[in-house]
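Multiple structures are listed underneath, in structure tokens.
Each of the next two complexes has chain A plus one more chain, namely chain B in the first and chain C in the second.
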Partner chain A sequence: MLAAFADPVFDSQRTFRELLQAMARPAAPRPLPVLPPAPAPVAPAAMAILLTLCDATTSVWLQQPSDEAVRHLRFHAGLRLADEPQAADFALISEPAAMPPLQRFGAGDLRYPDRSASLIVQVDGFRSGAEADRLRFAGPGLREPVALAIDGLPADFWQQRAALSARLPLGIDLFFVAAQQVLALPRTTRLLET
Partner chain B sequence: MDTSPHLARAGWMSLLAQADPAELAAAMDGFAPPADAAWLRPAQTGLYMLRGRIGGSGAPFNLGEVTVTRCSVQAGGHIGHAWVRGSDPRHAELAALADAMLQDAQRHDALQAQLLAPLAAALDAKRDSASRKAAASKVEFFTVVRGE
Partner chain C sequence: MTPSYNFAFLDEDTKRMLRRALLKAVAIPGYQVPFGSREMPLPYGWGTGGIQVTAALLGPDDVLKVIDQGADDTTNAVNIRRFFARVAGVATTERTVEASLIQTRHRIPETPLREDQILVFQVPEPEPLRTLEPREAETRTLHALGDYGLMHVKLYEDIAQYGHIATSYDYPVLVDGRFLTSPSPIPKFDNPKLDRSPALMLFGAGREKRLYAIPPYTRVESLAFDDHPFEIQQWEHRCELCGSGESYLDEVVVDDRGGRMFVCSDTDYCGRRRTEAQA
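Our next item is the complex of A and B:
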């Protein structure tokens, strides 16, 4: 088994601060301050998020629950594992190409829209700039539309998300991680038609 | 002596946790930790709520909080855990290391003889002396008629 954060209290507080900032300023990649060791198929950046946000009161669905990853997370975070995506508060998507449709995750209910799932998706990378293949995002926290491409997502991912965004305030919040970077897309960030 | 491996391990973990930190450190001096020892969870101190069945109805009752230091180490292919009352990180580290080494069949017998046996004897002596002191202070009230 591997170790987790070297300094559990301060490392998770620093990571939490970055995640908060990432949600407040969506669609901008930010480096995470601490990368703990992580067993395959979990990326170190995804492990930092799980160790920061999850504990015995949250349920987590793993797309690829390898024995070692399950033992590691149970020991260090004490979290509960969910059998079904629908029941999970957090979900770790380690292979986005084979991920279940977004509709299968909990989007909250109208009286408690906060009881929805947050997804941590391990993608290949982010590309910003104004080239032709970029998607444009707008919404709270963005002064003007931002152009961005996220590599490694399934082809119909953005259609699934657009279908969900019609159901605001219900929805799913997304964290994308690639190498040391994290990028957040809360449910309020809209994908603009090009 | 119980032969079940889980109960045996529970027995030595309990003994290591109750041992005097100075005696444990002295006894562990003779045993070098395996070269690959790595801390899975560094010693951390926190509070545990002690619950007991105090009331006559047997319902659980929060007795109070106790300071506990816990630690986990991976050494020689085994994982050692320790939960120790108090806030002495060195005690928890030594107990976790000893737990990991005791699971190693090659080291077990030497540790059993040179670490666990003296600690058990010291603990027994401490308990014996405490109960003797208590017994010596027992007062019989001859003037009070009991149980009538």
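Our next item is the complex of A and C:
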């Protein structure tokens, strides 16, 4: 079996601070400080997030629950696995092209919109800058709109997310990981029309 | 640092619970996230919410500043600063510009905050509607529906009775146009600093077991009416120690013959200005 964080207290603290800043300043890729070993199909960056945030009180849905990944996560984080996306606090999407529609994840309750899913999506990469294929985002945490492209998402992903954003403050919060980087899109980040 | 404690006092399960709640709080600006508030080595009402948020954030590289009503040298501030120096071994400072993490009771520093700083507020009552509606189930519904008529009626009654909005601290704000939020009992003088702040602001209420957040660069609007716009306090005095005409002033009684003076409530700001004036 592979190891987890070499220094659980400080590695998870440093990872959390990056996740907090990622959520507070959306659509900007940030490097994660520690990449723990991770069995396929879990990416090391996704493993860092799971080890930082999940434990026996959270349920996690794995899109591709390989035996090794399940054993590893159960041993190191003690987390519960959810059978259905709807029941998950966290979901790990390891093959975004085949991911279930966003509507299948919990978006919270109007009195408790925090009881909603957080998705960790392993994507191919991010591209920022002003080129034509970039999407533009605005919302809390962004001083001005930012341009960004995320590679490897299903074709109708942004339509699904736009449909969800009509239900604010209900919604789903997203962490995208690629290589060593993490980027967050909370429910409040709006996709601007071009 | 006292070695018999886990780093920053709380156990790792509690920190993870707080961290999950903080991420949801940032994702839903101004919404109060319930959390499992722990018993701390000081009573509820002394900043246990802020302390738990700080403990979940704190790392060995942080430089911590703690203020109480703007002052670094009052009992609550000194105790909390010593607490974290002891259980986390972190560096502490009284200077706003040196701090990476600032825990505050009832003030926002006069020195503008930066993007790399986080401000943690101690909150006694996170629910702005609580004095108007005591039932939690009902206030949750009002937030769900975005129905804030009660608060507007309260402000209107102030105007009808006193000719102006008489709320001078804990002045309600609307965050990102959606959630009515308590800014904690900061003077309304500080409300404009909440709007589009470069620094992330986190709020913890230990007794009420709620935490919430205002992300950076988020629209924060103090409630008002078109014909009664929001106004902040103004003084006829300047600070008698540093001469500032822009900071929030405390009135201090200095003798038993009615003598009083006005001084900055932010001790770091006032001290720095006096040092600069001497140089």
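Observations
Assume the second predicted complex is superposed on the first by the 194 of 194 C-alpha atoms of A that agree within 3 Å, B and C clash if a C-alpha of one lies under 4 Å from a C-alpha of the other, contacts with A are read in each partner's own complex, and residues count from 1 in each chain.
Assume contacts are C-beta pairs under 8 Å (C-beta built on N, C-alpha and C of every residue); 3 or more make two chains touch, one makes a residue touch a chain.
Since the model is a prediction, treat every value here as computed from it, not as a measurement.
With chain A as the common reference, chain B sits beside chain C without any clash.
Annotation for chain A, partner touching more residues between chain B and chain C: C.
In the superposition on chain A, A:P186 makes contact with chain C only, not with chain B.
Contact with neither chain B nor chain C is seen for A:P31 once the two complexes are overlaid on the shared chain. Contact with chain B, but none with chain C, is seen for A:H76 once the two complexes are overlaid on the shared chain.
In the superposition on chain A, A:P154 contacts neither chain B nor chain C.
Rounded in steps of 10, the angle chain B-chain A-chain C defined by Cα centres in the superposition reads 90°.
In the superposed model, A:P8 makes contact with both chain B and chain C.
When the two complexes are overlaid on their common chain A, residue A:G125 makes contact with neither chain B nor chain C. Contact with chain C, but none with chain B, is seen for A:G141 once the two complexes are overlaid on the shared chain. Superposition on chain A leaves chain B and chain C with their closest Cα atoms 9 Å from each other. On chain A, the patch touched by chain B and the patch touched by chain C overlap at residues 8. Residue ranges of chain C in contact with chain A, taken from their complex: 6-7, 12-13, 15-17, 19-29, 31, 33-34, 56-60, 115, 140-141, 143-145, 176, 178-179, 196, 200, 213, 215-219. Chain A contributes residues 1-4, 6, 8, 75-76 to its touches with chain B in the complex. If you check the complex, the residues on chain A that touch chain C are 8-10, 12-14, 16-17, 19-21, 23-25, 52-55, 57-58, 89, 110-114, 116, 118, 139-143, 168-169, 171, 173, 186-188.
Contact residues of chain B toward chain A in the complex are 38-42, 44, 72, 74, 79.
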